[in-house]
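Several structures are given next for inspection.
Each of the two complexes below includes chain A, the first together with chain B, the second together with chain C.
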Partner chain A sequence: MEKSFMSNEELKNTAFMARLDIKDDKEKEKYLKDLNNMMAYIEVLQEPDISNLKPTTHVTKLRNVWRDDIVKPCPQEVREQILIAAPDKEGSFFKVKKVIEAQ
Partner chain B sequence: METINLTIEEMQKEFAKGALTSVEAVKNCYKRIDAVNPKVKSFLQIRKEKALKAAAESDAKIKAKTGGALEGVPIAIKDNFMIKGEIMSSASKYLENFISPYDADVIEKLKKAGAVFLGRTNMDEFAMGGSTENSAYAKTANPWDLERIPGGSSGGSASAVGSRMAPCALGSDTGGSIRQPAGFCGVVGYKPSYGLISRYGICALASSFDQVGTFSHTVKGTAKIVSVISGKDYRDPVCEPNDYIDYTDGLDNASLKNIVIGVPKQLNEYETDAAIADAYKDALERIKKQGAKIIEVNIPAYKYVPALYKVIMCAEVSANIATFDGIRYGYRSPNGISLNDEYAKSRAESLGYEVKKRILFGTYVLGAKNYYRCYHQAQRVRTLLINQIEEAYKQCDMIFTPASLQMPVKFGESLREESDIFIMAANLAGLPGITVPCAFSPKNAPIGVHFLAKRLDDANLFKAAAAYEKVAGFDNSKLPM
Partner chain C sequence: MDFETTIGLEVHMQIKTKSKVFCECSTEFGAEPNTHICVICTSQPGAIPILNRKAVEAVVKTGLALGFTINKQCTFARKQYFYPDIPKDYQITQSEPPLCSKGKLAIKIDGQEKIINITRIHLEEDAGKLIHEIGSRKLDYSLLDLNRASVGLMELVTEPEISSADEAVVFLNELRDIVRYLGASDCSMEEGKMRCDVNVSVRPKGQKELGTRVEIKNMNTISGIHAAIVYESQRQIEVLSSGGKLVQETRLWEDEEGITKSMRSKEGALDYRYFPEPDLVPFDLTDEFIENLRKELPELPKVKEARFIKEYGLSEYDAHYLTSSRDIADYYEQALDAIASSQKISVGNAAKPIANWISTELGGKLNADNKEIKDSPVSSENIADLVSQILAGTISGKIAKTVFEEMYNTAKDPQTIIKEKGLVQISDENALSKICDEAISESAKAVTEYKSGKERAIGSIVGLVMKKSKGQANPQLVNKILAEKLKF
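Up next is the complex of A and B:
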């Protein structure tokens, strides 16, 4: 199987998926170098025989966590605290840029 | 009264006798902070006024004999725990002005028990790192050698306790972030079983590894804090539904007699600094002398630990950091021209390189094309490691290793990647681990050893560590600086 490799194009796609801006070519080169070094980790993990093993998703014994179905309203004070932290707001809403753009 | 050398237990004894007040103890901490913090830079912010007020309230409660389990005890808090109304930055520019809207569960529990918060301590940005050099704000030094790293990511908390600015501290541990710096700074550092302590209100790194833990100078002091902060919390869905457990129970008479201690065969495969190898050998002898049985255990999958950790941690990082979108809180770039552009620029402008690199690697290993070969494969190899550790636990009670195979390096240098794999395995398998200081190197730097127990066997872990601590021969009265 082909080894994992981060190409220029792949980095661009990955950065878009992560919604992470890459500043300039210098930063891009640094990412490519470091990330391709990290690809060695993926190769190492192809070594062992794990054909009979299931992936670990939890280290706890899976169990249901039950609680009574009681609505606990968010105290006004907490609402206010949360809105204080908003970079931009209008009334009791977070304000964001237009989501749907004209193509 | 001189208090900076007191353990939590000793301090509480003096409180109870009326020989010492919490206000006095807290003032002494700040005196020490004033003298030492400019050099060590453990604290990002102190909260003197609030702490002294809380200490005075504690003194009244102690006097009236209505105090909680940690009434009046000063404690330092890592900068990724939310304290209502106060800044929590996780040492990131993204959260520079973030004011916590509520208390973390452990903060709630500590407040109820009467602990007094001294201030927030430095860390690697979002706990990503092992040296505290990745902080966006300050470079914390090792109090025993100011040119060297304190370890990390909880390097601020470890160095604050190591330099006696605080008798104890909270930290978080995702891949050794408490137990490695504890060894480097000469203190006891503990990470519980996954699920023992609630993480509600703590800034997440990798959710299947993250745990809250502690720093202090004794195992008993550690157990005391853990008795307070552990226990059920429905707001962290993986939190075990335990009621109160007193982890200090039986520690005074704890013994290593007939305990079977496993020493991994794989220790021989990695380079270990001579001072650490000597100290570890000596520690093993002392344990043997107490009647423990030492056996060799074989866990070949240790060699996959660095790769496993990187792949799974980065995947979880990319998911967790996705919540930092600049919309609801944190930094929002003024340069965005569309919503997507605003997300991308907000992160790019406010996050450090290490964080961004991990996000990209994590996004890559979770990508539809790579998922099976990368993330899914890693989780299967993780099962292999867990199975081998479980197999080892059929023959032994605890696994015993050095806390790090390497002494702290100078700023700008890196530790060998294998230096912490034996403590990192605890996070991959959800196991409890504790670092106990064992010796000083010829250059006067502390060295720690590490006990790893079975999951939810934390009480026995404390007992073994407490029994060892009694015979470790570590001089706890020695002060750095």
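Up next is the complex of A and C:
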């Protein structure tokens, strides 16, 4: 590998933001190698001059796709199924871990 | 050293639509938990958002009313973070450009106008609601209700140009009045339909660059916002004055303790990694779309207030009260229309008394019953008729209060009540003359006093006449008749 695109620190941050747990140094080496290869592969995109191009966010020509403001409730069975499929619930609430603490 | 405070606001207002912004679930407030949810707003795999046109219109209208530039071409973006109230692990919002850029709002501070520039308004979706306690019992986990998830939200961000807690409050009230007029949001803070993040910093007077900024998250009462700004700027001044350093951080307002507390997040440094939302196609709004919305803009509160003062000769106080909501203003003008079409008295004569009846008697009663004017048992036509009856001399102002009481309780029209209860004012001189004679013969002391030059003594005789006539005697006439009878 000639060029390194991603540092150890960047790998750590990227993994954290994707909520990926990297077990050990061996795994870290493997990810670094793979990611650097991928980034080398797409490096070719850096070459063309795009300074005169507007960013393309969508490739279709569709614009302003919207609906009228009408309520159509979801069938009760589906709603129940959604709750049942949740990892944890209490009554009709989803139950989740607490995340915020003020100090 | 003297310090000055700089404040910027981020205001979230829930958009008034029947269905959510990206799915067809109801936006009804206060429903049983997780009853207004579907595969889209709970982000089941493969579910794709579908945009509610009315939410877009509400944001553009608000932008137009506040003098914004509408960015006809813009997109939605994904703002990515992990928090349990946002089931997709990203929020659909807008990055650059938002729907509306660069607007402003003029506020009045100590009689002086001050322009607050507003950076942007964008359209996004609300998150679900997390519950951390049941009653007074704090939970060591959280409960999640997704009824609110994906309800349309507009976020408005001001420039850091507000310089006191008082200014922030005036700005928010002013903004709320306008947005309510537009019908774009109910802005009810009690229902969480208007929430505010407050950025506060202080700097030594004269210093150009802004001080270190602290963000106070999720404020939901006006009084809380005021108290939090006062507390936080004082805290920052104390830290700096004692040689300390401030850190840029997010703090929470603790209403009961009246202080802000540093918020520790397990997230670490946030990086939202915005990118264009692939599931929703871009906007390319036409001029026609925008101009049609501009045509729908109502007369805004400030303009209406000025017109009421000029056109109807109202006091600033009455004009302000009557224009505080579109419903009250409409009610008032409907009452004036009724006066105009009855052609009995002129609108010019009725304008002020009707304003008074609405702001004091009716306003007081509705307030006490926690009712809105649209639920008023007294119709605008009936309040107009009541004032006509007073101005025509059919009933006295005092009797009118009794009639009004009955109108409010029974929703009947004033003429029916006046007839049923026999409350017509007695303006027949012969009839009044008789009652006056009785009163004089029973008020020997007052008569003597009056005749010896104590003019005020006539008051007790008038009072007796009013009592004898059950309040129906025309007081001006009674005064006139008594004065004649008691002449030397």
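The definition used in the following text is that the second predicted complex is superposed on the first by the 93 of 103 C-alpha atoms of A that agree within 3 Å, B and C clash if a C-alpha of one lies under 4 Å from a C-alpha of the other, contacts with A are read in each partner's own complex, and residues count from 1 in each chain.
Basically, a residue touches a chain if its C-beta (ideal position, glycine included) is under 8 Å from a C-beta of that chain, and two chains touch if they have at least 3 such contacts.
Computed from a prediction, not measured in an experiment: that's the story for all the values here.
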item: First (chain B), second (chain C), both or neither touched by A:L45; value: first
item: Partner chain(s) touched by A:P73 [first = chain B, second = chain C, both, neither]; value: second
item: Most chain A residues touched (candidates chain B, chain C); value: B
item: First, second, both or neither for A:F94, with chain B first and chain C second; value: both
item: Which of chain B and chain C A:K26 touches, first, second, both or neither; value: neither
item: Partner chain in contact with A:L35 - chain B first, chain C second, else both or neither; value: first
item: Which of chain B and chain C A:I82 touches, first, second, both or neither; value: both
item: Contact residues of chain A, present in both the chain B and the chain C interface; value: 16-17, 19, 57-58, 60, 65, 67, 78, 82, 94, 96-99, 101
item: Chain A residues touching chain B - in the complex, by the definition given at the top; value: 1, 4, 6, 10-11, 14-23, 30-31, 34-35, 38, 40-42, 44-48, 50, 53-60, 65, 67, 78, 81-82, 84-88, 94, 96-99, 101
item: Partner chain A, residues of chain C touching it in the complex; value: 17-19, 24-26, 32-39, 42, 44, 50-56, 75, 80, 82-84, 130-132, 139-146, 252, 254, 261-266, 268, 271, 273, 276, 278, 280-285
item: Residue ranges of chain B in contact with chain A within the complex; value: 84-85, 98-99, 101-102, 194-195, 208, 234, 237-238, 240-241, 301, 304, 306-308, 310-311, 318, 322, 325-332, 336, 338-345, 347-349, 353, 356-357, 359-361, 363-365, 367, 370, 373-374, 376-384, 386-387, 429-430, 455
item: Interfacial residue positions of chain A with respect to chain C in the complex; value: 13, 16-17, 19, 57-58, 60, 62-74, 78-79, 82-83, 90-103
